[in-house]
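Below are two complexes that have subunit A in common, paired first with subunit B and then with subunit C.
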Partner chain A sequence: MNTKLTISNISKIYPGCIANDNVSLEFGSGKIYALLGENGAGKSTLVKILSGVVKPDKGKVFLNNENVKLNSPLDAKKNNIGMVFQHFNLFETLSVFENLSIDSNEKNEELRFLVNEILKKYNFKIDLDIPVLNLSAGQKQKVEIVRCLIRNPKVLIMDEPTSVLTEQETEDLFISLKKFSEEGILIIYITHKLKEVLSLCDEVAVMRKGKVVSVSSTKEEKIESLANKMVGENLGTIKKKINNFKNSEEILKISNLNFRSEDPYETNLVNLNFSLKKGECLGIAGISGNGQSELFQILSGEIITDYASIKFRNKEISKLNPRERREYLMAFSPEDRISQAAVPELKIYENVALNNFKSSNFFEKGLVNEKKIKEHSKKILSNFSVNTDNVEMKSQFLSGGNLQKLIIGRELITSPELLVCFNPTWGLDVGAINYIHETLININEQGKSSILISTDNDELLRLSDRICVIYKGKLSKIMDVNEVTPEKLGILMGGGTID
Partner chain B sequence: MSFDLNFIGILIGAIMASSVPLILAASGELITERSGVLNLGVEGMMIIGAISGFALMVITDNLFLAVIGSMLSGLIISIIFGVLTQSLLTNHVATGLALTIFGIGMSAMIGKNFVGIPGKEFPLLFINLKENVPFLGPILFGHSIILYFAFLLPFLTNYFLKKTKIGLIIRAVGDSPTSASNQGINVILVRYSCILYGGAMCGLAGAYLSLIYTPQWIENMTGGRGWIALALVVFATWSPIKVLIGALIFGGITILQLHMQAVGLRIPVQLLSALPYIMTIIVLVVISRDSRKIKLNTPTSLGQIFYKEK
Partner chain C sequence: MIKIEKRNDVSPSIYFLTPILAIFLTLIGGGIIFYVLGFNPIEALKFFFITPISDLYGFSELLVKATPLCLIAIGLSFCFKSNNWNIGAEGQLIFGGIVGGGVALLFYGHDGFYVLPIIILSGAIGGMIFALIPAVLKTYFNTNEILVSLMLVYVAKLLLDYLVVGPWSNPEGFNFPETRQFSESARMPILFDGLRIHAGIFITLITVFLSWLILYKTYLGFQIKVSGLSLKTAKYAGYKGKTMIILVFMISGACAGLAGVGEITGPIGQLHRNISPDYGFTAIIVAFLGRLNPVGIIFASLVVALTYLGAETAQIFLQVPKYTGQVFQGMILFFLLGSDYLLFFKIKFLVLKKNEL
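Let's turn to the complex of A and B:
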């Protein structure tokens, strides 16, 4: 039985973010399709639309040329679209069998027979009567897959299925997926892991910033070509800054930084070593989810790890918290503006006061000196050309670009010696990007240092003096920006090596 | 103090009667909590049930209508909680507390005209057997139909949760509303239904107090039983059978310590009065020690506000 799934002009807009921008794709059974893209590229929104969890603002889905309405997860089930979510949709305290029976219409005995047949056929070994919380991640995923198989799916969507699996479990999963595909199930495999795309899938669609940027056969693709499509390779003209740091003194030295996380969704960091000179910008490239946010949090003091030496201006600061590090003139601009950098419900001047506790005289005898904070905030708004002078406005009403300017301005107005920023221009328009880039170049030229953790290769090549790549929590060798090409970055980002 | 068998039988019968409101309210709240909703309004819903049952009895002179009316009024007041927490996404704890305060005030206002009116005799079943069978007679017979229902309820609840499809769905919603919603389950509907059921059971518990146990209206007559019922659910680790055991222990020690006070033992009265609370907690903690079972029975999403992605 042949299945054809067509997505036609799907758009979904969230406040401040276009998750899917006129996405059209076509899938046919017997093949495994990869949907590749970075976090935030719009893959998950698209699969949520296909599984009926989220309704698109515009666009249609066709199954075998028939327009299917996917208004709820039940509709997806009725149309034989099966979905294995990245974060398992299982009920931890219920038994495996209860989890499977909750949405089935069969009698318990019939269902048990059916499930046992499936388990036997695909050589899955799962005890049906123990609670799900006792299963390993790989077993939980098998339960999810079995739940889909019970309903004879025509389409099976796997959302980042290997993020919590061991190597062996991943191999087993690939064998099963190939079997399903041979049996005529159309498989859509969502991932940001390039190697998996090449080893498992037949066709690959790449998404970036909510749009499909390429559809091709995996035979025609290499790791680096896919990596470039994922993060964008359209290099703009670069106004290069003046490098004057070569002979300056060392300001930051990281040695033997290790981090082991208990959370299976986090990445462990393995033996990172690097140093930074005054006036230098070190770029850290990589596909998101390879340890960037863990590294940022260790640098900012949100995570304190026992296994690291961080020397800043000749002082050991690895045990200091973020406020104490700020007092040593470090500054931080986290990845998520809304939830990490600012409190959207607070007014602009309140947000400005948040990270300036000690260095300023905003607080006197435990009371807030509103007048001083407001004056200070007005200075930030005008110095960093934020599109308002109303410090009483709630921060949530600022656009992404203006909020980012406010955050960078708030950090820089204290004249820090080092600014660590993580995806500072993520989701911004070109004008705001250029402004932020110029600001970052300016601070280097004033002899201040910066670390730029970014998933945007254009940005890294434009701003960094030296670049390295983080892959699975390990750093590549650090290269001078002049010897770096997008191709080289692509290879390193996919886990390859260069001479 | 005579220890003849019949006296012990009568004592046990009294203990059973005193635990009925706890069993009813706790069984209702247990279903509500199993769906992930923490309704701290038990006391308020009970007292509303108590006054509306009594008022209806006085007005209509019909006990059947009074009982049904008390359940309906418990249900109606729980709709307020449902709308606030499920549709308007307010905090469960704060809303529940408000419901209790509202219920107590409202019942006092309605009840003003009903103070001092004598209650009506509630029909008791198998009254002949109670007198004629020694020991077992006062235990098994001569009770109201509501008592028999209350003692059946934990077993029905247990069966319902463990063996039926709807029970499974309620447990699933309590475990993870997001997963349930992604599986196509209407989480809001399930939670509303559980809230309304809990409200009806609390209303019935109140009616038992004002129509049968002490057939009259006294302001604040629930006297904290709602809070005990809430605590029972938690300390019984959401197991209906353990709720029954806990309610009996609480009722039992309440009655026994009254007798001990009457006998005049040289133990401070305050300590005796505190005894039911202390003993119930100790016993329930001891019988619910299995941490694995606690984890499996605890509704993971308890008290969490759920809203659907759009």
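Let's turn to the complex of A and C:
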């Protein structure tokens, strides 16, 4: 069985973001293909197009040189394209067999026979008659795979399959995938984990910002070369001047920070220790999904973990919520500016009121002081060159760059001693990026500190005084920026070690 | 092919006008139903919506019905605005009635200005406590507040049943399932002789004003608004999510409890099995028809109260069951949700070219 899948000039544009920009790729059966890229690189959109969930604005998909129309997931099934999503689509309270029979046309007895054959063939041990909620994540994934196998797929697409698996389950999965591949099923493996690409796949296509930037055989690649391709290696020209912080006052000290999440899609943090000097910018690099979001939320106080000591200006603040931390002059700019840092349906001045201090007097004796908030908002709009002066405007009408300026402005106008920001320039245009970068360099020059969690290595090398890498919830050693090279970052980001 | 797309911006004026459109469509829908049943639709609608309020007594009855509806809906708006789905206002109303009624029986034969305020207060506390159950279970045990609050309605109903049949039944009542008539001191003052409209309407109006103040002018109201739009943002801003959930449930439970105690000390005057014709459920429609806005809720409560009265008149003059009232309430909600859908989404009819099929 020879299968050839060709993607030709696929483009998909969402408002404000080009998810796929003229993507062309070719796959043939007998090999396992990796589709590698950071979150937001366009992998998921491409996969959704292949599985019929999203329709491309332009471009065609060919299966064995035949143009296939994938207008719905049903079309994908008809064309023998199987898909296992990162989040399982199973009814937890139904039994395994009931889940499998929902979208199957076979009679129950035939289906049971077929499923048992598959289970035997691939040595999957799953009890068909227990409810899905009693299964482990790895077993649930096997159920999803079996569901695809029932239909004799020509193509099997796995979207970030190992994010919820244990090491052992991952190994099992790889063995099965290799078996499928030997039997002639074309496998497309979506991931941002570099090691997996090298150990499992034969070919790798790297995507960045909606484009395919490289296609190569994994034999020719190393972890660092792939990491560089993934995050881009063009260094910016502006660099901040290098300072020596040896004698500066220590402002933040994190010791023995541990976090165990109950949510399998979150990353556990293991024994983080670092400190920050006055006026210093600490960059935290890493491929997204390695614990950055959890670390940010612990620093901001959205997650309170019992196993950490966070000392800010010599006060223990680990049990304080974000509002209380702001009173101690900390400020936070989260990654998700549209649904977390601001509410699009609220007016600009209402969004400004989210960052509320006792001393800002936005709410006096529990009452809203609209006049004060509006005055304060006007100041932010003009000081941080947001391109409007109408504080009554809903913030959904601001462009990404202007919204980010508003958020950074809101956080900085109170002169905090520490700003924690997470991917502050993600998805912005060059002008806005430069403005935010200058602003961040400025606050360091004024003696304020910052922590920059970012997946953009250019940005990190441009703004940080020291850099470390987070990988699977662990921090690498912290390096001065002048001893860091993109290669070193690449090795650390892929889980390697350097001396 | 049909494609459904979210509209980016909805103008506020249309947002507040669609409930009126929904009412208008309900009238048309109701007319059609009456026509199919063999009535002259205009005449029937007149019996339903005009006759009941054509005299002073009818108008007072309208206010009597609107008083609890408005009060409960205002309370619910706190919950709904902050994404907490309290469906059990009926249970909170009944439990408030039970506690208030119990206190009223305790003060049986007592005179004094203090009796009524104590009863009212205990009714509010009763509703509040009953609403705390789903709130605490939601915040500390992650239960679904819709299910818990809904199921507690039946708990409250059965408890009331038990009390009026058993321990609290009127010793001189020939085993009728009802308590004694409360003393005069435990009754809401009647505002006009010969009409049933009572002082409870002032409680409702004061609550509406206070709610407007809280929702639009205070930090608490701002926090409720932000949490309703984005829980992630509320967390990031450092609002105490759990405290707020408990607070909005307490407010809404207290309002429902007040409504319950207003009914038993007002028009009813005792506890029996049917102290509420599902006011607690109907108030959900009122809250949404009024767009969760205090002023909107006042108007919505009058419209929905009219369906209660209309059903009674229609039962007398047209010999249709009084459940017609619920049909109209259902239609209002149906048309409101339908027009809301079209308000927030636009439907595009795409013509596919042949080669795309």
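Definition applied: the second predicted complex is superposed on the first by the 492 of 499 C-alpha atoms of A that agree within 3 Å, B and C clash if a C-alpha of one lies under 4 Å from a C-alpha of the other, contacts with A are read in each partner's own complex, and residues count from 1 in each chain.
Note that in this section a contact is a pair of C-beta atoms (placed from the backbone, for glycine too) under 8 Å apart; a residue touches a chain by one contact, two chains touch by 3 or more.
Values in this document were obtained by computation on a predicted structure and should not be read as measured data.
Once subunit A is used to superpose the two complexes, subunit B occupies space that clashes with subunit C. By the touch criterion stated above, A:Leu367 is placed in contact with subunit C alone, subunit B being left untouched. With both structures placed on the common chain, the touch criterion links A:Leu346 to subunit C but leaves subunit B unconnected. When the two complexes are overlaid on their common chain A, residue A:Lys77 makes contact with subunit B while staying clear of subunit C. Of the two partner chains placed by the overlay, only subunit C lies in contact with A:Pro322; subunit B stays clear of it. By the document's definition of touching, of the two partners only subunit C reaches A:Glu302; subunit B does not. Using the contact criterion defined above for the overlaid structures, shared-chain residue A:Ile175 touches neither subunit B nor subunit C, since it reaches no partner. Ranking subunit B and subunit C by residues of subunit A touched puts C first.
Of the two partner chains, neither subunit B nor subunit C is touched by A:Val215.
By the touch criterion stated above, A:Asn89 is placed in contact with subunit B alone, subunit C being left untouched. The superposed model places subunit C right into subunit B at 95-103; the other stretches listed in 59-67, 95-103 or 167-175 stay free of clashes. Across the superposed pair, subunit B and subunit C touch subunit A at no common residue.
Of all residues in subunit A, those touching subunit B in their complex are 48, 51-55, 72-74, 77, 85, 88-94, 98, 101-103, 131, 133.
Here subunit A touches subunit C in the complex through residues 69, 300-302, 321-326, 332, 334, 336, 339-343, 345-346, 350, 353-356, 363, 366-368, 394, 396, going by the rule given at the top.
Those residues of subunit C whose C-beta lies close enough to touch subunit A in the complex are 8-9, 216-222, 225-226, 229-230, 232-233, 235-240, 356-357. Looking at the complex, you find that subunit B touches subunit A at residues 165, 168-169, 171-172, 175-176, 178-185, 295-298, 300, 309-310.
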